[in-house]
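Read through the structures below before going on.
Both complexes shown next keep chain A, but they swap its partner, so chain B is in the first and chain C is in the second.
Moving on, here comes the complex of A and B:
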């Protein structure tokens, strides 16, 4: 028996009915009177100088109400390209018209003259001196080259620039020409211990290069916003976003508008996965078009536009080297990673450190670079950067286990960090269920007595992630009928409103059905951090707990007054306050107290919770897949997929299982089929015909196993659960395929053609 | 989508006359056309619906087990027809591979063929059924064997105003099978499609037909491989030779889905496999 009655229960989501009946209001359902339809005019080339933009023909088209270019951005912040485009689909202008077809036609009438430039799409090409430079001479040399140049300059300041010393130095630096990278957008370097020494002491050293493609979050609802600027300058934006407050400050900053002149109303989100925080993708163009036309304007992306100008997850190339002793101790690991950040910086290069995993590795060296290519920029996608790095790390671990003849699960268990071990970031390892989670998945999947059948294989991998934390506020009111109403400003993301509701019902001891939740807009609700980084249940759960406890204080105060006793003698249970020692029992219901409160000096029952920061605890996801590979066609069928996760405490186990299943399936898709493909002129699969996401026919039911090792600062011990489950699946799948066919595939996705190729190279077939 | 004029003729003659105009498109199930119009890749000035013309849909089986399929027959009906499942298994299997059930309830077999995609899922099954395509024009009617219908990707021998009315499947084979090479289990486009049909007599292959999709500018028959099989007793070696001969008959392209080389290899593998399935069915 659980000590709780509402948290920890598999309760239906608070928004289940509105989702199922279609009553939920998404961005595209918003239609203010007089609304115009916006359309963004996009570059037809992946890399080109813009010679001219001529809007005159489009302006003449009846029904066109506004056309904007970068000239219409008063702050000068880049919203549209002006002199140069860096990717296919980059915005150049936008139109608003009375009808979507007119907007489309007007967009076609805008004449753009291009001077086409050479294109670079591959990071390994982009870092070469011969590659076209995306950002001109300003970034002709990468930061690391700048460091070397700085050295020369420093010396030149000290000595005669024509001296032999300088020439010697230059000659010396020439030797490192291969290590000078171009088109670098950012870099990150980490070192601990001495990897060279570690490799030297290793019995086995494995080295490989891993290729992970760029993938799209493929949320069901494309980006959409409706903006309305009124005559006083007040701006209202209905935004499909994970973070209304972030959008408010983003619009304010981009357009130089005072923060409180903008009200952002978050509409029900059709999926986000980290990709729904962008400000200039649709929100800013909608605001600018509304300001210019004086009418509300909707800007809604098509699926094709999502692929061309969304902000997907970066692909990357990771060179990884690991050394271990023959009895299974990992001694050193070194990574050199090139992340494809597209036209701007922002790829999650820092996540390269996740090749370390949750293992005791004394010597480590990480060098990571963000590299420009002629693609759109990137953004977060469910544990940004972790699936890529962990794919490399966990693939290589299996190869080492194989070489030393050790069971892959036992090898991992042996090397996992334990409570009290020193951690990379400093301090010591908290209590985390690393081993418990891996053991749980191995037991549930039947790992220990798995059979070796022809063409079948078993793969295991683990991935770690730590939830974020951010500010939030919650109010809870108790009404005269004994019900409670929650008011807050955070976007529901896959059941977080449900978790908040459960927590408040638990503390107020009233039935779950008697607690309702309402989200405010940025004008009305207390500030809330964005719904990303697995923060919501951790942050808003703690906030909700504080609010409910605040309300409970007032309830007990009122009851003490009413029952003429001390608050210490009172107990809140089953929706009423009881005098603990009274015989016969004496109590007063919450409804009665709420009614009574209306005529008191202290006033109604309103609990307030406000919370910003507490240290989070890492979470682990461990997965096992069993696959069957057809060696002739290269097609892989998943026979079993089991996923366990240390969730701290499952506030709603049904929602948690949903998260585990969803993340695992997304990881499976990245491993086996998803890939944004690029040709000479940009993305060539901008739609669901050739960008394949799996259907329910591709997978058996994912078996979820919940492990609960409480997080000290989480509400009821809960950790963020959304991101961890995607982190190991790429490697899980690759390891299972490796076990089935006996050949390691290091390039994702593992399409049939690659399997056939790999087997052929290994001597299979004709 | 762009503006267009919409017609709902009630006779084939009227439809043919309208369809003979420039920039006209026929609307059958609409699962290709409407999507193309929404994406502005199709911009017809007139759209002529075939929905109001009677007797264009339906599957009929004659006494000799020959089957006639009306052009407006839903792909889902082809998939579920007991007679097609029994006599032209490859065609029923091909139909079951198109899109989703919702799409198959809208899409028509005539549309799937007239669209002339080399990757159409019903085409390999029709090829190995030796289907005859009945066509009506403004002035006359004619019949074209399915393997002579296509001239290139999206191109057929159909002249302006000509409309496919029926597919006639003459002699049922004793066993046939279709395999689509793909990544996703359902709702994927064919990387390649292979259908084989065989007639067995006393353990000897009387005749065999092999239909290949997405391996050449048009769907093709692998006639050399078929000839290799004729009059022979099936053995693994024979099927291997047939697979190799079928692969040699192809001229695939490399594209974003896979390489030409992979397509050729898969023709070899899947020809052998479909032949084996077809033979198993024939001996059942």
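Moving on, here comes the complex of A and C:
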């Protein structure tokens, strides 16, 4: 029996009825009177100079009410391309018309003259001197050149620049001429210990290059916003976004107008996964069109536009090297990674460090570069950067385990960090259920009794992630009927409103059904962090707890007044305040206290919670897959997929299972199916026929296993649960295929043709 | 690729009379021949519960029931369904009582963001009405025309099986 009555229960979500009856209002469901339909005009080339933009024909089309280009952006911040386009589908102008089809027609009537430029879409090509440059001469030295250059700089302060030492170093530098990288958007370097020494001491060193494709978050609701600028200049934006407050400041910054002039109303979000924070994708064009036309305007992307101009997850190439002893101790790991950041910087290159995993590896060296290509920019996708890095790290770990003849689960258990171990980033390892989680999945999947069958394979991998934290505010009011109402400003990200409601019901000791929750807009609600980075349950859960405790203080104060006793003698239980020692029992209900409060000096019961930051605790996801591979067709069928996760404490186990199942299937898809493909002139698979995402027919039931090792600062010990489950699945699947066919595939997705080719290259088949 | 404007121009396209029964209500409408059933439901009638996820018939979010059959409404022109009976997500609950399929999606946690849910519920309704005795595997394949990006399908299948069981035992 749980010590709690509401948290920890599988309760139906607070938004259940609106979601199953079609009543929930998403972005495209907003339709203010007089609304126009916006359409963005997009580049037809992946790389080109813009010679001219002629809107005159479009202006003549009946029904067109506004056309905007970069000339209409008062701050000058880049919303539309002017002189040069860097990817297929980049916005050049936008149109608003009385009918969506008229807007589309008008967009097609805008004449754009291009001077086509050479295109680069592969990171390994883009870093070469021969590659076309996207942004002038953005070059960086590679790791070896970087080290030598640093030595030269240091020496130059001390000695003559013509010294022999410096000249020798400069000669040395020449050897690494091909380590000058071009089109670099960002770099990140981390070092601990001495990897060269670690490799020298290793009995086994494995080295490989891993290719991970760019994939789209593919939330089911395409980007959409409805904007209405009134004649006083006040702007209202109905936005499908993970972070209304970030959108408010983003619009204010881009347009150079005060925050208070903008109200952002977050509409029910049709999925986000990290990809729904963008400001200029639809929100700013909608505002500009509304300002120009004087009418409300909806800008809604098609699915094709999502693939061309969404902000997907970056692909990358990771060269990874690992050294270990014969008896299974990992001594060193080194990575050189090139992340495809597209036309702007911003790929999660810092996540390359996750190749180190949750293992005791004394010597680490990471060099990571963001590389420009002629593609749209990237954004977060569920544990940004981690699935890519962990795919490389956990694939290579299995290859080492095989070479030294050790069971992959035992090999991982042996190398996992333990409580008190030093952490590479500094400090010491907290208590995390690393081993418990891996053992739980091994037991649940039947790992220890697995049989070796022809063409079948088992794969295991683990992935770690730590939830973020951010500012938030919550109010809770208690009413005369004993019910409570929560008011806050964070977007529900598939269950977080439910978790907040459960926490407040628990503390106020009232039934879950008697607590309701309302999200405000940015004009009314207290500031809230964006709903991404697994922050919401951690942040808003803590905030909700503080608000409920504040309300409880007021409740006890009122009860002490009413019952003529000290607050210390009182206890809140079952929706009433009781005098602990009273015989016969004496109590007063929350409803009576709320009614009484209305005529007191102190006033109604309103609890306030405000919170910004507490250290988070890492979480682990561990997964096992059993697959069967047809060696003739190369098709892989999943027979079993089991996912465990250390969630700290499951506030709503049904919602937590849903996160584990959903994240695991997204990871499966990245491993086996999904890939944004690029031809000579940009993306060539912008739709669900060519970019296949999994359906229920593609894989069996995912079994989830919840492990609870409490996080000291999480509400009731809870950790953020949304992101971890996607982190190990890419490697889990690759390791299972490796086990089935005996050949390592390092390039995702593992489509049938790659399996057939790998088998052929390895001397199998015809 | 530029489409050619009709000889009337888009704004002046002649409208066609269409009579639809939607969730039991009769609608006599004048609609442009280019408008899809999805656009008619959402923009003309104002029933926005049916969702637009791809506009190419691939994701199933816009699934509605037309004369007992599940149909992706983005693939059907409004003028072609005149005289037919249409049920949308808004028409499934009756007398304030949720349909067993709606209840099952709630009980099992068969939805997360909820955007694909109306389409899944409508497609599932047709499947359980046709044959509630399908196995899980059969339901998995039969629902292959609908995409959900949040749930990983595990709890959607639980919901459909629960609803099928209930319909089996009560009918």
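Worth pointing out:
One rule holds for everything that comes next: the second predicted complex is superposed on the first by the 728 of 766 C-alpha atoms of A that agree within 3 Å, B and C clash if a C-alpha of one lies under 4 Å from a C-alpha of the other, contacts with A are read in each partner's own complex, and residues count from 1 in each chain.
We take it that contacts are C-beta pairs under 8 Å (C-beta built on N, C-alpha and C of every residue); 3 or more make two chains touch, one makes a residue touch a chain.
Keep in mind it's a predicted model, so treat the numbers as computed, not measured.
By the touch criterion defined above, A:673 lies against chain B but remains apart from chain C after alignment on the C-alpha atoms of chain A. Of the two partner chains placed around the shared chain by superposition, chain B and chain C are both touched by A:697. Touch criterion met: A:101 reaches chain B and chain C at once.
Once the two complexes are overlaid on the shared chain, A:24 sits against chain C while remaining clear of chain B. Of the two partner chains placed by superposition, A:2 touches none, neither chain B nor chain C. By the touch criterion defined above, A:689 reaches both chain B and chain C.
In the superposed model, A:632 lies in contact with chain B only, and not with chain C. Applying the stated contact rule after C-alpha superposition, one finds that A:756 touches chain B and leaves chain C untouched. Between chain B and chain C, it is C that contacts the larger number of residues in chain A.
Residue overlap on chain A between the chain B contacts of one complex and the chain C contacts of the other covers 101, 689, 694-695, 697-698. Listed in rising order, the residues of chain A touching chain B in the complex are 101, 104, 304, 632-633, 635, 672-673, 677, 679, 684-685, 689-690, 692, 694-695, 697-698, 751-753, 756. Within the complex formed with chain C, the residues of chain A that make contact are 10, 12-13, 15-26, 28-29, 31, 61-63, 98-102, 105, 108-109, 217-222, 268-273, 302-303, 494-495, 654-655, 657-658, 661-666, 687-689, 693-699, 701-702, 704. Listed in rising order, the residues of chain C touching chain A in the complex are 2-3, 5, 9-12, 34, 39, 42-43, 46-56, 58-59, 61, 88-90, 92-93, 98, 102-103, 105-109, 111-118, 121, 136, 139-141, 143-157. Chain contact summary for the complex, chain B toward chain A: residues 1-3, 39-40, 181, 183-189, 191, 256-259, 262, 265-266, 269-270, 273.
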